[in-house]
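Below: a set of structures, written as structure tokens.
Look at the two complexes coming up: subunit A is in both, with subunit B in one and subunit C in the other.
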Partner chain A sequence: MSVTAGVTTRPRNRNLDQLQLLLPILVPVMLISLVPLIRGIYIGFTDYELGGQMHFTGLENYRIMLHDRFFWRSMGVGFLWTAIVTALQIGLGMGLAMLLNQGLRLTSLYTVLMLVPWAMPPIVRGLIWRQIYSPDTGALNLILTQWGLINEPINWLTSFEWAIPAIIIAGIWGEIPKAALFFLAGLKTIPSSLYEAAELDGATSYRKFRHITLPLMKPIMAAVVSLSFMWNFNAFGLVWILTEGGPGGLTRLPMLAAYEEAFRYGYVGYAAAIGNVMVVIISLFLFFYLRVQLKERLGE
Partner chain B sequence: MFSMQLFKRGMIKAVLHMLILTYLMYLLFPLLWMISTSFKPTPEIYSGIPTLIPEVFTLDHYVSVLKEERLLKSILNSLYVGVITSVIVVLISLPAAYALSRYKTSINKAVMGWILTTQIFPAILIMIPLYMILRSLQLTDTLAGLVLVYVVWDIPFVLWMLQGYVKEIPVELEEAAAIDGATQSQIIYKIIMPLLLPAIGASVMFAFITAWNEFFFALVLLKSPDLSTLPVELARFTGIEGQARTGPLAAASFMATIPSIILFAVLRKWFASGTLQGAVKG
Partner chain C sequence: MKRLFSHIMYYKGFYLAGVLALLVISFYVAGELSMRHAELSEQTGPLKFLSLAWQVEAVEAVQEITNEWNRQHPDQSVEFIQGSWNAIHDYLITGFETGDIPDIFHYESAIVVDFALRGYLADLAPYISDEMRNDILEVDWASVTRSTGEVVGIPFINESFLVLYNQELLEAAGISTPSFEEPWTWDDLSEAAGKLTLDKNGDGITDQWGIGMGMRRSANFIMNHSIAFGGSFFYENEAGQLETRVLEPERELLGRISDMLYVDKTMSPSSVGKSGAEMIPGFLSGQYAMLAGIGTWARQQVAENASEDFRWSVMPPVKAKTQAMGLNTQTLSVPKSCTRQALAMEFIEFLLSSENMTRLAASDWMMPTRKSSLKDPRFQDDASGWKMVTQSAQYLSAGPWVGLPGYIEWKSRVANPILQEYFAGRISLDEAAERIERESNSVLARYQVRGLKW
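Moving on to the complex of A and B:
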């Protein structure tokens, strides 16, 4: 009798057994996820336009992209956005997680409260921040005016100076809870005996952080950095609600650019090509980043 | 000496609490501002004076939201999609989770690889072909089509979570049942499922909230106003008359957030328990 399954008494093809149980998810996944994905990648090599014929054009889309100023600008702002949001959410998330790991009173209440931004529907996150940044009724303008820091209201989301900082502050706000939650879970796995031993040896808080916390948190850090990079680079909803890519395309992240190409202008093939480039960029980042991480770990 | 040390420790604690409260101010202020706006009469919203506690308290905005037929309809649509999605996801993920944790074959790696891969691809790549496939099945502009998409969207997380829990259940239980002549599906739904109830509860809620919150697919796949879900209707709500509806919009946004807040309050224990620790340990 099989030791693990204990289901059948006669020897059968285990792959087949397993496949049978997986069938209910495999069929919809093939149909709704895998097939569209492969087809989507293929469309990126065609000249398909909404309602038109589809012709394979090889690398033509990518040749056009090389000279497409709007594409490069959107990649530029995409990298800026991804780098800053990811870095700050990791830093601030780690800080918050460490504060919540001090065994203070009220910690469980704090933990629930910190999760609130994450609990909100993305569309509501966008609407809330749009209201805060609103020129006439927004909290930010009202408060800054009352404190005498500005003389007249600023339209944050349509200002060339402020639009990018504004979306970044809203973006980090929504991402801190996720990062902090993962880090908190990681911190809890570090045995307190390690810290106690270090304290006996007279280690300072900084040294405990530097030589116990940080090294042990590295694998989780790598996972959070990888996931955040993907999520932030593929971000859409929040910025769409806040600025729709404006002013003048300044905050047009890559996903917004692809969305517009497909659904505003009908260049579906070109939109899919942008999607393909994004996949390549994310894969390259993950490859090099995880290789460095792995080497470091093997080196230690 | 001793009291000095105690004083110092107290100070450190106070500073730590202060730091956490600073974080919470940033994280909670937007929600508080929205709630406050939703209870302020319109003139007060435009008065130009920032107050967190309304001087005059009104339920007008909630009343006007509840009079909006389309908004009410969209809430019902969202509830319907969320409930059906979460039930289906759990029912079909359970046997799969069982298969992944009890059989160690080459399929495991493929499935886990797929779960990770799904995170890399931007939704735009899937969206267009998905639209074409659903159209050929005559499922565009139907809630059933949207449910199908959400089910597949939720499978990776639910599967990953459930299979972690199945691993914790001792195999001896199933062997005993098999000896008594139980079939495999009986084992899964009669023995495994009851033991997994907490994890299933969490999965159902997770799937519900994902569906409840989702915007992009609903925006593209649904065309009839009658079918739109709450997030799409909220986006429209602002679009038409814009600024003038700040109050009702705040009220509707707060209402849209309530299910998730309930979920997080319920899941508090789950977050605090060892579940996630186990997950990150791998």
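Moving on to the complex of A and C:
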């Protein structure tokens, strides 16, 4: 680059200037984040196995996946888990946020308490719930036995009837705070004058919720649904600690399946392919979901 | 200050290029330096030894022996790394793939065999001393030796399953206890379990079960005990390839356990879904009179936690057609990428000398693999079932599936999940057998394509 007096008058290229400023950040991001990401996507198109060589195999992994019962079963339970946890997390989170928005006494204390489950890593949540569900020393069996609801302690996490409800409850518990916090922030932005006006017109609580709160919360809800869908679909730590995907592979979420393929059985390429499929599924969901949301808003 | 700032703004492109160049250069230099350092320490630094011993006394014993080596070999020191059974698999796999792996590691034969098939492990055969080769039981070598004679790990501890029993409860029910010379058959076991299943207070709820057994992952137990019924699970077909079959000999044990659970109702239903370790408290509190399918190590937990008047003992292997029992061994292996394999093996010979192996096995409440160690008085004591465990060593045999490519995947993808469904009473024996056969063959096919040979 020649540095002469003439440079001051050169036509300024704004984009280039911005790029120059961003470069110091972009380079580490590229090195640390983008390169492994692209390599990960690429591995999904290879036959890489532990101890073996990596060959590009195109769509072979995806062809195998079409007939892979283990994969489809884990996708099935993955969707069930994601749908239920996300829905209940939104519903209960909304309720909790509205409760906290009532201006009750000690609200800030409740808010902090509410955040505790979220502040814990999923592994710790898993350990806590494993204690609760423990067949011999768990609180759940103790309470249910004392109330006379069951005669025999139930092994919640290894029973075919109870394993799925058990992980879902543990999952929701940890995810509610996330939703509630977003909603609480949203609720705070709704001007109280709207509610006052509605009250003057004699609106019931339900109608106020239906016609003021809900419509105004929609953008936030869209954000929470999108984020929760991603998080829940990709969940790993909690369920791994609780059931390791058992009993009989019943709670093997997609991420657990990918983990097992790579680290238990050594099919790294195939595991990366499962990861790629998950990314595509999440992208498709977000694309259609957000498009619907956007259209609705533009239509209004 | 202002002038400096405008100066920087003026030449910012120039400075940026400089900063970037510096960044790249420093990344390169740092990488290069750490590579050099790693190479250097591979040649001269301490050997790394990862141990999985976890019972307190066992950890102490391993550490003491390692320290002893370091005192005797100040120039060839060994660094002790404490591993854990929960994390070892991921740790080793990432280690093998990145090259950052301990020079000597502790694991178990079934999985080491799988690693060897992937080409991760050094052949130790050329380094093994005659003394060690002749002293370790043949059956233990069989668990780690390839058909080419390659040895992929040194077996030093035998793992097998035991049946423990509560002497008091058996006596109270008027049952004479089995001896090594007169073992029980599976019929005897079922019959005794029936006599020991009691509703003491007459409220219609059983409060003492004949037998308990952790069946969360039952494939190991089933495989190792089916041998005694003549079962093998893997058969060669006309094309010379292995195929899974669940025939009469394989079905018999499955049916017997299921009957104890659901027909005779003599096996505690809490067995389903629990691990062996989780069953120990129930045995100590008398919820079940016999505890089956538990490792020899568990005796330590029983001895330590039992009240003083709790009398218990170890049963000889239950007899089917024979008393044969499949075994798994705990092993020490050296990765292929280790640059000092001979030295690593020298350390293994030291750690597993007759005297040291006796100490390791005794402190872990397990059976050593050396004949000379088994003769040690510690393993001949009647207390805590030591003598019975040692005598039972003669019934150990390496299962026909040792070295079968894909066995590890088969066990965790096919056998354990289907057995979980079967023992939970959700599918019939026919369905379980049919599913095991069908799903196995699709797993094994993937390995057969690769033409791996043990």
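Just so it is clear, the second predicted complex is superposed on the first by the 275 of 300 C-alpha atoms of A that agree within 3 Å, B and C clash if a C-alpha of one lies under 4 Å from a C-alpha of the other, contacts with A are read in each partner's own complex, and residues count from 1 in each chain.
Basically, contacts are C-beta pairs under 8 Å (C-beta built on N, C-alpha and C of every residue); 3 or more make two chains touch, one makes a residue touch a chain.
Predicted, not measured: the structure shown is a model, and the values here were computed from it.
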Classify the contacts of A:229 with the two partner chains as first (subunit B alone), second (subunit C alone), both, or neither.
neither
Just to be sure I read the superposition right, which of the two partners does A:136 touch: subunit B = first, subunit C = second, or both, or neither?
both
Does subunit A have more residues touched by subunit B or by subunit C?
B
Looking at the overlay, does A:110 come into contact with subunit B only (first), subunit C only (second), both, or neither?
first
With both complexes overlaid on chain A, does A:51 touch subunit B (first), subunit C (second), both or neither?
second
Touching A:263 in the superposition: subunit B (first), subunit C (second), both, neither?
both
Examine A:71 and indicate which partner it touches, taking first as subunit B and second as subunit C; both and neither are also allowed.
neither
Check the residue A:146 against both partner chains and state whether it touches subunit B (first), subunit C (second), both, or neither.
first
Under the stated touch criterion, which partner chain does A:18 make contact with: subunit B (first), subunit C (second), both, or neither?
first
According to the stated criteria, A:279 is in contact with first (subunit B), second (subunit C), both, or neither; which is it?
first
Contacts on subunit A seen with subunit B and repeated with subunit C across the two complexes:
1, 3, 24, 31, 136, 263
How about subunit C: which of its residues touch subunit A in the complex?
11-14, 16-17, 19-20, 23, 27, 89-90, 93, 96-97, 115, 117-120, 205, 216, 269-270, 272-274, 278, 281-282, 408-409, 412-413, 417-418, 420-421, 424, 426
State the interface residues of subunit A toward subunit B in the complex, per the touch definition above.
1, 3-9, 14-15, 17-19, 21-22, 24-25, 28-29, 31-37, 39-41, 43-44, 92, 95-96, 99-100, 102, 104, 106, 108, 110-125, 127-132, 134, 136-137, 139, 142-143, 145-146, 173, 176-177, 181-182, 185-186, 188-189, 220, 223, 227, 230-231, 234, 236-237, 241, 254-255, 258-259, 262-263, 268, 271-272, 274-276, 278-279, 282-283, 286
Touching residues (chain side subunit A, partner subunit C) in the complex
1, 3, 20, 23-24, 27, 31, 49-52, 70, 135-136, 151-153, 155, 157-160, 246-249, 260, 263-266
Please name which positions on subunit B make contact with subunit A in the complex.
13, 16-17, 19-20, 23-24, 26-31, 33-34, 37, 45-46, 48-50, 91-93, 95-96, 98-100, 102-107, 111, 114, 118-130, 132-133, 148-149, 151-152, 155, 159, 171, 174-175, 178, 184, 187-188, 209, 212-213, 215-216, 220, 230-231, 234-235, 238, 243, 246, 249-250, 253, 256-257, 260-261, 263-265, 268, 271-272, 276-277, 279-281
